[in-house]
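Each structure below appears as structure tokens.
In what comes next, chain A is part of two complexes: it sits with chain B in the first one and with chain C in the second one.
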Partner chain A sequence: MSELIAQEALPGLVAKWLAQGKRVAGPSVVKPGYCLYVELKSSAQLALEGFIRPRNSIKEFVFPHHEAICRYHFSGHTVETEDCDPPQVDQVIVGARPCDAAALPILDHLFTWDYEDKFYTERRKATTVVTLACQAHDDACFCTSLDLGPAAEQGSDVLLLAVPGGYEVRCLTDKGRALFAGETRTVEQTAVVPPGPPVMVAPGTIMAFLQARYDDPMWADLALRCLGCGACAYTCPTCHCFDIVDEGTAAGGCRVKNWDCCQFAMFTQHASGHNPRSGQSQRQRQRIQHKFRIYPEKFGVMLCTGCGNCARNCPVGLGVLSTLKETAGSAPVEVGV
Partner chain B sequence: MTGQLRERCRRLLQDGAVQVVIGYGVSTSDGMPHPIFVRRPDDVDKLIWNEQCMANLTTYLTRDAVKALGKPAIVVKGCDARALVVLEQECQIDRSAMHVIGMACAGVGSPRAPKCASCDVHVPAAADEVIGEAPAQTGPADPPYAELEEFLQKSPAERFAYWREEAARCIRCYACREVCPTCYCPRCIVDKNRPACLDTSATVKANFAWHVTRAFHQAGRCTGCGECTRVCPVGINMRLLNQSLARAADEHFGYRAGTNRETPPIIGAYGLEDKESFIR
Partner chain C sequence: MNNVYKPDLMEVLEVHQHTPDVKSVKIKFQDPALAESFAFRVGQFGMFSVFGAGESTFNICSSSNWKGFLEFCFRKTGKVTESLWQTGEGDTIGFRGPYGNSYPMEEWEGKNLIFIGGGIAMPPIRCAVWYALENRAKYGNITVLYGARTVKDLVYPDELDQWAEQERVRVIRCVDPGGETPEWKGEIGLIPHVLERAEVSAENSVALVIGPPIMIKFTLPVLSTMGLASADVYTSLENRMKCGIGKCGRCNCGPVYVCKDGPVFSFEQLSRLPVDY
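Up next, the complex of A and B:
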């Protein structure tokens, strides 16, 4: 027994959410070969099949690329400031991939840690995530290595699974139930979840490697290829670094919180000119260390869902997975070294 | 051609003629050719050449970590080789301190990269040696600015709407800049923050400022390799923008960046016959 929504009914439901004034985001083909999560203006824009996963992630709907946090203006010799309120949104993300949804509980740790970032938490509270289980994977996918899979439920309010003629609807939270109440009918059939990618790396061994081989020459070799752009971090569901900058004129302006990326040379550049991570090898190592050692040591979860966007979007084919495979291929780490 | 390439590189490394080969190797993750740095003769079998060798490797020549490896041999396609000319003219590389292996090329990518339709450099010019022969039947090349000409058929309002939509998607990852051989500034104008020259927010307005500024900085310098467009995660066709300025340089000054090392770069040269009609 399961709950079902017919294939043709789903766009109607999306249209209903839009008509209710909700902000709705989902995958859309913006140009041939480019499927992105975008804010949907109509249900016709929504694309649910024909691609492995969007090239970006859903994080931008809870942690936008840029966000005003304070406005200021100069008045004589004084500066007047005015805090910006966290946004009031009521939004639904439909057709999220499980590897995107699973990033949200991971990000919650960071944004509610020693300081609650209301710009994140307010959006998060007002967001309902309707995830669509994966029917296919490609060579970049490695969710199963992170204890996730094509129908992982972490971070989702509703999980949809494709069945002939529609989608099985598994409501996982009250928020999810509210969205689909009265929209489904009970049927006999239940969905079959296709197998995910094979398990390719073991997080435990990665952590051991990272603890023991901080200065491994591997990092310098790997990083030679890295161009130092932010395509990996900016399309990663879990990367969350930001920069606070003031933008404006001599009269005043805005303090904004913008995405930043640990692969940029400027990321750690001090005002003195000194840069503690002066080379790309240190920056590449930092990215992997943060994801698979520092974050789990601090919060108990890996900062990665195995979505593979880093590899797909890297100009030179350097993803987290290929790096992890390098660590796995290195000499075994002796415990206690 | 892969066999020939490997043998040549084995010899170059064995003889100590070069210390590193910057070439393409097959990635274990996606089976596609990506940049590799081969430093030992025993590793030359990692090198490969096929029509998926998209990357323009010349972007590595100006990077400190790569320069530190010693004298390089570099594998280039005809389109990539044009960047070598620009880099040499702009005193960014010492052309005599590297060995350039040109690969004859019938086109890359499946489907073919847009740049290949107008390719007139199937055999790289100014390489130290060329592996392979010119493809037998390449057919007549499209006019160099065909894609741009088609775009210019649209009205200014339509074109603005197009670029507005493109700019709205930009996430400022700067993959376009980092992959570009002629974007080699140690500190890009967008990274200047004392004072800031360009906003780093990914707003439509600031993204316009970024892409237009970058295009202007590429005027008469962009060689049309199209790497910026290939690597963009959100599919912005920056090559189209750059082609507009390339065409201006061509029409007004008869100049095509990277095609002739004897022609002084237009940004750095002045002639009495230079047109001034565009100054208003």
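Up next, the complex of A and C:
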């Protein structure tokens, strides 16, 4: 027994959410062969099949690329500041991949520990995630190595699983149940969850590698290829480093949070010119270290969901999976090219 | 909900120019309630901002015993500090903080204190020196070794004179060879060499060493030869920060967030971390 929504009914439901004034985001083919999560203006834009996963992640709907955090106005020698609030609008992310949804509970730790970042938490509270279980994977996928999988439920409010003629609907939270109430019918069939990629690496071993061989020449070898473009971090569901800058005129302006990336040299450069991570090899190591050592030690979870976007979007064929394989002592593996 | 990134507005009370490129600024909260309730511990830092230019991280260099205002000191080196340089009495700037851990002043009670600072590192030492002097009975001998490139690069030279007049305080000033003037009465030489010559006792002592990485690198072996254990030698890291509250991800040094777990570490603690600072 399971709850089912017919394939043709789903676009109607998306249209209904839009009509209710909700902000709806989901995968959309923005040009041939290229799929991104975008804010949907109509249900026709939604694409649920024909690709492994979008090239970006859903983090931008809870942690935008660019966001005003405070406004300021000048008046003579005095300054007035004004608080900013994230938009108070309910949003639904439909067709999220499990490896994207799983990033949200991972990021919750960071944005709520000690100091709460309301820009993240208020968006997060207003967001309902409707995840679609994966039917296929590619060579870059390694979710199963992170204890996730094609039907992982972490971070999802609803999990949809493809069945002939529609989707099995598994409501996992009250928010999810509210969204699908009265929209499904009970049927006999249940979905078969396809196997995900085989388990390829044990990310826990990287901790020992970093402790024992922190200055391993492998990092320098990797860095020779790295362009330092930051595509890995920007398309990663869990990378969250940001910059804070002022943007304004002589009359006033905004203090904003912008996405930043640990692969850029300026990221850690001191005002004196001294740079603790002056070389690309140190920056490559830092990204891996942040994901598999710093974050687990701090929050008990790894900062990676095995989505493989780092490899898919890397212009020179690097990625977390191939790096983990190298640290595990196995031969270098070409990923996602 | 509280916006953790929104700075409080501060009125600039005084600006004092110490060197050709270093100024200190005295500020107070515009909001009287905040001014009344604000408390911090010496060694903590804040995010100071000039609206339109951005935020920078500085140590709060006044003593935590001083009420009604706080002070910070900066060198003119970038966009924010260029704007701060233009700031004068009566202007409004932003402040977030206090952030980070602090000097373990309670643990240091009953000990002799050795403060070693180079250049712009005087301000983060100054707050601890004043704190110790204001709680004089709790601390033993105090040695302050402060060096700068030239005589005109010394920060807070008048306060060095005030400290030198106190009981059980020894102040050693030095400038790099060539940085002296005909009137210079202090030492000439690099800090590690001056420390070697100074014959400071390491008995029952802790040291706070802050300065450029090259100064610290050559000062640590001298302290070790003197007999100080790495657990008794402290510093304050200066990793670049944006948020100051453990979110923005750039001050990581191995498994620690310098903004949250630091900036104050003993060298025994640092010996277990990668040299990402």
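The rule is short, and it goes like this: the second predicted complex is superposed on the first by the 329 of 337 C-alpha atoms of A that agree within 3 Å, B and C clash if a C-alpha of one lies under 4 Å from a C-alpha of the other, contacts with A are read in each partner's own complex, and residues count from 1 in each chain.
Throughout what follows, a residue touches a chain if its C-beta (ideal position, glycine included) is under 8 Å from a C-beta of that chain, and two chains touch if they have at least 3 such contacts.
This structure is a prediction, so every number in the text was calculated from the model and none was measured.
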Contact-wise, after the overlay, does A:Phe111 reach chain B, chain C, both or neither (first, second, both, neither)? second
Identify the partner contact of A:His66: answer first if only chain B is touched, second if only chain C is, both if each is, neither if none is. first
In the overlay, answer first, second, both or neither for which of chain B and chain C A:Tyr214 touches. second
Now for A:Ala231: first (chain B), second (chain C), both, or neither, which partner does it touch? first
Applying the document's definition of touch, where does A:Gly319 land relative to chain B and chain C: first, second, both, or neither? first
Just chain B (first), just chain C (second), both, or neither: which does A:Val245 touch? both
Give one of first, second, both or neither to describe whether A:Leu18 is in contact with chain B, with chain C, with both, or with none. neither
Touching chain B and also chain C: which chain A residues? 243, 245
What part of chain A is in contact with chain B in the complex they form? 30-31, 33-34, 36, 55-56, 65-66, 139-140, 220-221, 223-225, 227-231, 233-235, 243, 245, 247, 256, 258-259, 261, 264-266, 279-281, 311, 313, 315-319, 321-322, 325
The residues of chain A that touch chain C in their complex are 69-70, 72, 74, 77-79, 81, 83-84, 110-111, 113-118, 121-122, 214, 240-246, 248, 252-253, 255, 257, 260, 262, 267-272, 274, 276-277, 282, 286, 289-290, 293-294, 297-298
Per the contact definition, I'd like the list of chain B residues that touch chain A in the complex. 27-32, 34-37, 55, 59-60, 64-66, 69, 169, 171-175, 177-179, 191, 193, 196, 199-203, 227, 230-231, 233-235
Would you mind writing out the residues of chain C in touch with chain A in their complex? 1-7, 9, 49, 51-56, 75, 77-78, 81, 90-92, 94, 212-213, 238-240, 242-243, 245-255, 257, 260, 274-277
